[in-house]
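Chain lettering (A, B, C and D) follows the sequence in which the chains are written, and residue indices restart at 1 in each chain.
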Amino acid sequence: MRVGVLTGGGDCPGLNAVIRAVVRRGTRDHGFEFVGYRDGWKGPLEGLTMPLGVEQCRGILPRGGTILGSSRTNPFSIEGGVERIKDNLAADGVDALVAIGGEDTLGVATKLADLGVKVVGVPKTIDNDLSGTDFTFGFDTAVNIATEAIDRLHTTAESHHRVLVVEVMGRHAGWIALHAGIAGGASAVLIPEQPFDIAAVCAHVETRFESEYAPIVVVSEGAVPADGSGMTLASGEKDAFGHVRLGGIGDRLASEIEHRTGKEARAVVLGHVQRGGTPTAFDRWLATRFGLQAVDAVADGDFGTMMALRGTRIDRVPLAEGTAELKLVSAEEYAEAEVFFG
Amino acid sequence: MRVGVLTGGGDCPGLNAVIRAVVRRGTRDHGFEFVGYRDGWKGPLEGLTMPLGVEQCRGILPRGGTILGSSRTNPFSIEGGVERIKDNLAADGVDALVAIGGEDTLGVATKLADLGVKVVGVPKTIDNDLSGTDFTFGFDTAVNIATEAIDRLHTTAESHHRVLVVEVMGRHAGWIALHAGIAGGASAVLIPEQPFDIAAVCAHVETRFESEYAPIVVVSEGAVPADGSGMTLASGEKDAFGHVRLGGIGDRLASEIEHRTGKEARAVVLGHVQRGGTPTAFDRWLATRFGLQAVDAVADGDFGTMMALRGTRIDRVPLAEGTAELKLVSAEEYAEAEVFFG
Amino acid sequence: MRVGVLTGGGDCPGLNAVIRAVVRRGTRDHGFEFVGYRDGWKGPLEGLTMPLGVEQCRGILPRGGTILGSSRTNPFSIEGGVERIKDNLAADGVDALVAIGGEDTLGVATKLADLGVKVVGVPKTIDNDLSGTDFTFGFDTAVNIATEAIDRLHTTAESHHRVLVVEVMGRHAGWIALHAGIAGGASAVLIPEQPFDIAAVCAHVETRFESEYAPIVVVSEGAVPADGSGMTLASGEKDAFGHVRLGGIGDRLASEIEHRTGKEARAVVLGHVQRGGTPTAFDRWLATRFGLQAVDAVADGDFGTMMALRGTRIDRVPLAEGTAELKLVSAEEYAEAEVFFG
Amino acid sequence: MRVGVLTGGGDCPGLNAVIRAVVRRGTRDHGFEFVGYRDGWKGPLEGLTMPLGVEQCRGILPRGGTILGSSRTNPFSIEGGVERIKDNLAADGVDALVAIGGEDTLGVATKLADLGVKVVGVPKTIDNDLSGTDFTFGFDTAVNIATEAIDRLHTTAESHHRVLVVEVMGRHAGWIALHAGIAGGASAVLIPEQPFDIAAVCAHVETRFESEYAPIVVVSEGAVPADGSGMTLASGEKDAFGHVRLGGIGDRLASEIEHRTGKEARAVVLGHVQRGGTPTAFDRWLATRFGLQAVDAVADGDFGTMMALRGTRIDRVPLAEGTAELKLVSAEEYAEAEVFFG
């Protein structure tokens, strides 16, 4: 059997570990051959392949990124895209696909599976917001990087009497902010699921100064102020210290807190540092097990499925289940941590 | 209500995070007061207390060790020990206990609960071998430290044509070896649950040299050779290179591999470095959630229970369930990773 | 003898290590007593003291920040400031001062020394731009943090075909950018001392894409475009991808590169993460030796001096020498690394 | 010009960074071609070559080990070895050599230079004991790894009332122990240059327990007890706790301390973890600059020289000067830190 492998969407530590596990197990235990498709769905769409075997996977386990490259190409938004994929798979002699990616990449996989393409999915999202699985690889790495940053900021906040705002990834879901905020001992965690009241945030910051704690506010990039509570400073206005803060929510929040509390505030926007580089042990273990199980699913003919962590087991769930809706932080989960922030 | 808190057994990153969560939630949401008992069960046995409130918990979240100290004292092996504990709890006005510890510490808690002491347990074992919970805090930190060590050893093994044996913790269970071995890309993982065949290990090492891979062997401190396969070198004998290797299984294994394969081998015994220092984000999050849930269990009068991670939920299970038997690596779990080692 | 100690200016890993060394040596070997002045020159100005002895220094060696607090207060810009300092020193029975700080803090120390205050200085600047010393503590930590970030960004740049711009500290001097750029294998390093030509930067980025290298551009916060080469996009305009990039040079540069090359670019602004948290071993060693030597200088009556690293020796140089002019990256030093960037 | 490059001796983080710098600069700025010799002096001795150009050096900057491999082969101890080297260099068309290594490797280089071979040396020793240079690359990485280990052990020592002995590298010189001991806040540092008095070490450990400090003893692998002070336990005897401690000085010291003080003691032997893996930023910077300067020396015809760090400059010194005698910790340097240990 000849199996194609591709990786799509944003970077995420652990992609190479999945690829390696798929190839090592498939080669040794199932006698498969592999074709690497480059740059996500662009690969099978345009026939961009690369050799993929045990040799190519040497030394890649601890490395970030993906040896296959990635893109956000969606064949369903391209005229005749699906046919071209089917034709290319046939031309390359590829019987089945392992697609590693997030909502978009697996969304394409789900539709292709419905159209008869033999595909197995491996969930990938740094934000941990895919349903059906307890965790996705890459998330633990991102949370550790954010937590280390918060650790480093604590002493500055305390010694230098500053408010520090840390903007972390999470466009729709606040998992990184919540976990890193708990792990880093933040004073407040603001997430997309719970619009925040800026006055309450500022009041809380001031309480922290009184008790001489370091006021560190962790905010998801997708967090928004509650209606009516909103931020008084327009983007680009000067604040009390003459600073102009622009760009993302982190910068705007720091500006607003300075303006309202009269305390100096600084924002740190971690950005792509959270997405790259070597994965944590947890993420390598999870990614490896996803890969092993995915290629076993191919061997079993269990197509249209996606791998999912449930407790310590790797289960196979229908692809559609994983991509149907985002997994958001519930009100109860947010409240659980409130004792540290309230 | 007045609640005593104690930590027992070996060191484990995350103990302070549990203590902080218990105290923060208990103080704010349940109006509890706390008494710190020093050095495990020795504290209530000998009436060794220390003040424990929000102030004492400041800044301890990222710190290894335990502000309460620890010991391996077992009141059941001391004449009149249980009565002294009951008397001291009464004298200190302590209504309930939160006991944080492993098999031994929670074993005592289980028996005391049977004797009417109001106690809630939080599982702690670096080896991850307590039943009833998916993971225990500290384990992820230990696995990461072992994985980083393996990462560092890879390049030396490759450049310098050496076999490197890494001995990790795990007296009865091979979880640390298995997870770090998978995450670090080891060539072989030897665990207590699966007695190893030394000839097979050496044959595998030689294969790795042929394919120019770095031969790294991860071994649990409790791993043993299979009957009859055994190690020919007695402890203390000189090997082919004139080295005398003594002490633990790591050193003996390195010696044996040198002797049988004629390749230079070195052992690295990670030891206590795996047990101390700052916890990973995962361990801080898990320890914090255990602490929150434990003090809620006290508030609910849910005594005789132990906290347990199940998927992403914290459940309460009977103390006896967690300490009845060790959680070992199953043959299936070991086989899953065999593709990388076989 | 009674010695006051203060720390001024921005945060810098190693401040606590200096304080501890001063106090440990001074107490044991010179029989000194110590007074902690809080928040830089604000302490002696307003008589803000705290107890400072061996006990207060326990456990602070690996911690970022400063137990004494800091500020940017300048007594020379306050009416009667110098007299108030002299009066407070006299009132506190303080015979001599150890002042730990950068250009501003040591500038004040220099002037006070001229006015008869017995003061010894310890240089502190994360930017490494103080003259007279090979290195200052904190710099090595900042460079390592920036290098780790660059390491993490490499794989994303390669897998995802992106330009990554990393903005690091360095308002007037490019030392952090130069060292982290060399250590991280950057494609280009832009520093304040060498105004850059944006067209050349973009041409270089495009070359890197052709050879499939990850184009990573490290830029000091104080770097500026050369006259006439300048950036065409005003702050706030939309770029080719519809992104509005604002704020610092990192964001503007990413925007400009996208606009000119048509390649996606992202900026990472490391900010305060570089300044806080635990110091590297080098910085702890250097800070400790500065502290030991500074209190020995007090014991020797060698006032008006500043500690300086020369090779592996700690020398005492006149305070004025260290603060007379900034230490900038020379054209030769910049050119040395050009082979990697050119 | 055709230049051969080789790396000899034990592993040391930064070797690849030197190789990359030599090749990048030599190719671009001097028009050189390169030949990689495998496994130290074994390469030119046996004619083992590999292609070496900009392509082979891609991505190696942050990696430990050496792409060229290493060995301890000494051509002067092999009949006709020197002639075979000369013949092979001639056969490979190699005009000059860059030899990267420690005392042994550079000792060979020194003798070959005297015999007319055109060779430039780059000093390499994890122990930092080569004369003529302030520091060697790899040392900073080793010190950081040892310091992180000590950091981790502190909390265990405190919480669990244990003595922890950390054995670090340093056969003849105590630099790693001294720097890591200062940086990690050790209670005592024992080095080869200063034979230790075991009774004094134990007395000091007991004092530390009284003041509730964590007693951490850092010991170089080459440290020895002073005559007459010696260790009473023979290797292999049972100590007070029934433990048998064998092997290196770390294990024996832990055993002896237990025996004499009645306090539980544990040894951690860091071993090869100190030698492998990614270099710190300092080591990458130093290794890169050594490489740039070494290939410039070849271009200048400045043979028989070795690169040396002096302050922040890279100087060229005669090869013989660097290998004439070991650089040891002086009594003054040891005494400087004594305040923390005494």
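In this section, a residue touches a chain if its C-beta (ideal position, glycine included) is under 8 Å from a C-beta of that chain, and two chains touch if they have at least 3 such contacts.
Everything quoted here is computed from the prediction, not taken from an experiment.
Participant: Starting from the defined contact criterion, work out which chains touch chain B and chain C both, please.
Facilitator: Chains that touch both chain B and chain C, as defined above, are A, D.
Participant: Measuring between Cα centroids, which chain is at the maximum distance from chain B?
Facilitator: Centre of mass proxy via C-alpha means gives C as farthest from chain B.
Participant: Mind checking the centre-to-centre distance between chain A and chain B? Centres are C-alpha means, answer in whole Å.
Facilitator: So the centroids are 29 Å from each other.
Participant: When the C-alpha atoms of chain B and chain D are each averaged to a single point, how far apart are the two points in Å?
Facilitator: Chain B and chain D have C-alpha centres separated by 33 Å.
Participant: Whole-Å distance, chain A centre to chain D centre, using C-alpha means?
Facilitator: Computed value for the inter-centroid distance: 40 Å.
Participant: Spell out, as numbers or ranges, the residues of chain B touching 2 or more other chains.
Facilitator: Residues 151, 278.
Participant: Which two-chain combinations touch?
Facilitator: Here the touching chain pairs work out to A-B, A-C, B-D, C-D.
Participant: Which part of chain B faces chain A closely enough to touch in the complex?
Facilitator: 21, 24-25, 28-29, 58, 61-62, 134-135, 140, 143-144, 146-147, 151, 179-180, 182-185, 213, 278, 280-282, 284-285, 288-289, 292, 310-312, 336-337, 339-340, 342
Participant: Flag every residue of chain A that touches chain C in the complex, lowest number first.
Facilitator: It comes out as residues 10-11, 15, 63-71, 145, 148-149, 151-156, 158-161, 164, 236, 245-247, 251, 266-273, 275-278.
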